[in-house]
């Protein structure tokens, strides 16, 4: 990733660098979008729907998404289920352990805003965007597999629209 | 002009290449070195493509066994899915764990990757399609494929992670144990051929189909089955995939590797699977021998992919063995059986009770 | 034994240690003094007619004036059910651990300790079970518990 | 060589680990591959359901308890409704009781199918996982048809069920049951006599009946250890006493028995659902209950047999519209607590198998 991060600096200076950049971007981001490996991370109800989405009827593999058990090899956390105050530091740690570029899908009400029921709970983290940056929110309690697939496709669209220069600025 | 052996089949290409090079005024030795380099590049690309294809194939077979479709959206039935995976892995950040053992951590995937490719120097892809025909060919393959275990052990140690270490240790124990039945079943073949050269092994199986070693009753089928079991273990595949047992060790030895380093392990795993299948095809299924209306390399690939397919079916059917049961199976069952088989074969050979 | 026979049997045989609170909507509820808890529990478990060998549940209760600890017992061989209740004062609530009688009580007691602040004697391992390791906001299940970031459900 | 020594080390398994079924963390003291001591750490999913329930009316508690044990959410609905009905002495119509039994048993089948898949995956076979989930979908379809949700139903309410069975439910239910019964033979063919499956499960993780009772293990795990204790028989609730079914019992208490017992239970559940469908009477599906009903003061501990074991809820009413205390008791709580007592001196892979066959589900533990 080091080289690719530096690429924009060099190519932008070239005459016609813009064209080189756009085709490169298209190729790289296409690849990223088409092979999103998700981390096997589930805490509560949404995890069961996540499993169902991986199973025969909905089949994540169609989109090129397979699960990885270790965060080092995953591109995407699908935060499925309630994140409590005890779990929050661990989620942050998992996110930190992932290799860039990394994406987060907040699946279900609990990860968006503490859930439909847990607003007067003393132990639930009210939304995971307090802990890690979120790319796509999928509402529902729990969301249906179709909406999860829709969320993943939205994320793919989002990745394709990124610019390499964004990475440059992030660094 | 002496060319690599493989050149006999690829003659026009190398004829043209050497013409071009000689017109630039390179000496004959340089031309030979460059020819080998070109051959290496061809081999490397072919194998990488095969490995990527195998990943796709594995995913499709798994999916169809599980009443799914597998990759569908990228090309016809997702044919370029794994290419996309490879490009993505290239872009991923190379996470370097702070507490790693720097040298060991870095070299583990490299050794694993290189060792996986080394075996193909002596692999007969077809009639006259071999890089170098060593007279110790099979011994050489056995030697270099074992390098993989060193790499896995290094990866386990260098990551400074307990899961990785457990995975590395398991893989060392496993590969060392299964090497013995594997070699013992290969020895039955060598015993009959009387040579360790891969070309000799293949040519001795030419003629009609019952010259294939798998049909040499009674020891041939036994040797083939024991070889296949040991080879599955050697390639770290289910039911013997304990070094990276996902449910116990998260990802085993490669738990701390990301991006391209992980891709190297991943590709090496599939190339290893292809290697052991190619060996099975060469040793027991007659190598590239077949009716001549199909080119010899196509026969070789067909037989190899047949064995690969068998290994994939096994992988998606069986549960995983436990580490002690795995060792028990190797030492208490496979080793005695293969050695008994070897003795049987020797008796048959010297009594002359074979065709 | 149906629940009336059971409550009669328990009232007779317990030598006054068990006081019937009510026969309950479904199962009889008895009261026991905190000092006699272990003795009664052992008897309930070992009595030939009762054999309460299964601790279903153990709940701590904050009624607003006092703490109650309720032991829900069942007998797997005789198909019986009974509740045993211990009433504790609000200040310095303390109870003996019943782990020696039913090992299942271990986690329930730990939970009661961390959520209600009821001290458990002879427990052996009173550590946070459900709450985060660095929790310092008191005992959340108490009725008067409040914290700065705790949003209460509005009255309706 | 004399300075060579071996050392025990600690391995942290979880809270994010593929085979801890959620967010259980176990600190293992290991000697090589052998697990010497287990110390489970729970609470990573502690959502304070009990505290929340104290601030809700009885009717509002039911959707929260859906999330208490989402794999068999119908049971959670039911057990709270049962407690509230006992507190307020509400009579439930016949039809509602039948519908409840149908739903509870269908949910038990769904949960056991999930168990089948997840256990097989934990032992290393990935294909059965997808088979199990595929048949589960056909049951989820039935639930979706009835109440519009796949996982958290809020269907069984105090006094009955939220709505009547939809048109065409009964033939579709029969069809689903027939398919499952047929496929069950396939599942058993895939694993039951598979030699690798046998060496991985037979004789592994033997849970003695005495330890099980002492630690409050219930449900299939207890019955696999030879104790015939099923609340559907021993403490009958609803209308289970009218149906004819067996309580499967096995005696070895190892992983294989726990696995087989659940497959047997699927068959019994299918049998019960068929009987309930045939006996389904006409009539009301819900008694008239005010949404803000105030049960008289008192307390009730209601318990039912769900797919994991005894699911109990202890509800105390102080005469207001909100409960004074709701304490939930999930079977998995005890199933994790018992692990240090019997799952030591096993290999790491066995621990995974034992954990899988105990069929633990974390929200039930952490609440």
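A few comments on the model shown:
The chains carry the letters A, B, C and D, assigned in the order they are written, with residues numbered from 1 in each.
The criterion applied here is as follows: contacts are C-beta pairs under 8 Å (C-beta built on N, C-alpha and C of every residue); 3 or more make two chains touch, one makes a residue touch a chain.
The structure displayed is predicted, hence computed values, not measured ones.
Using the mean of the Cα atoms as each chain's centre, the chain most removed from chain A is C.
Separating the CA-averaged centres of chain B and chain C is a span of 63 Å. Spacing of chain B relative to chain D, judged by their CA centroids, is 45 angstrom. Chain A and chain B, compared by their mean Cα positions, are separated by 35 Å. Averaged C-alpha coordinates give centres for chain C and chain D that are 24 Å from one another. Across the assembly, chain D contributes residues 17-18, 43, 46, 48, 51, 55, 130, 134, 366 that each touch 2 or more other chains.
For chain B, residues touching at least two other chains, in rising order: 66-68, 246, 250. Among all residues of chain A, those that touch two or more other chains are 55-56, 69, 86, 120, 122-123. In this structure, the chains touch in the following pairs: A-B, A-C, A-D, B-D, C-D.
Partner chain B is touched in their complex by these residues of chain A: 1-2, 4, 27-28, 30-32, 34-35, 55-56, 59, 61-64, 66, 68-70, 72-73, 75, 97, 99-101. Contacts from chain C toward chain A in the complex involve residues 130-133, 137, 140, 147, 150-153. On the chain B side of its complex with chain A, the touching residues are 59, 63, 66-74, 78, 81, 83-85, 87-88, 90-95, 246, 250-251, 254-259, 262. Those residues of chain B whose C-beta lies close enough to touch chain D in the complex are 62, 65-68, 162-163, 166, 170, 238-239, 241-242, 245-250, 316-325. Residues 22, 24-27, 29, 53-57, 59-63, 70, 72, 74, 76, 79, 81, 83, 102-104, 106-107, 128-132, 140-141, 152-153 of chain C are the ones that touch chain D when the two sit in their complex.
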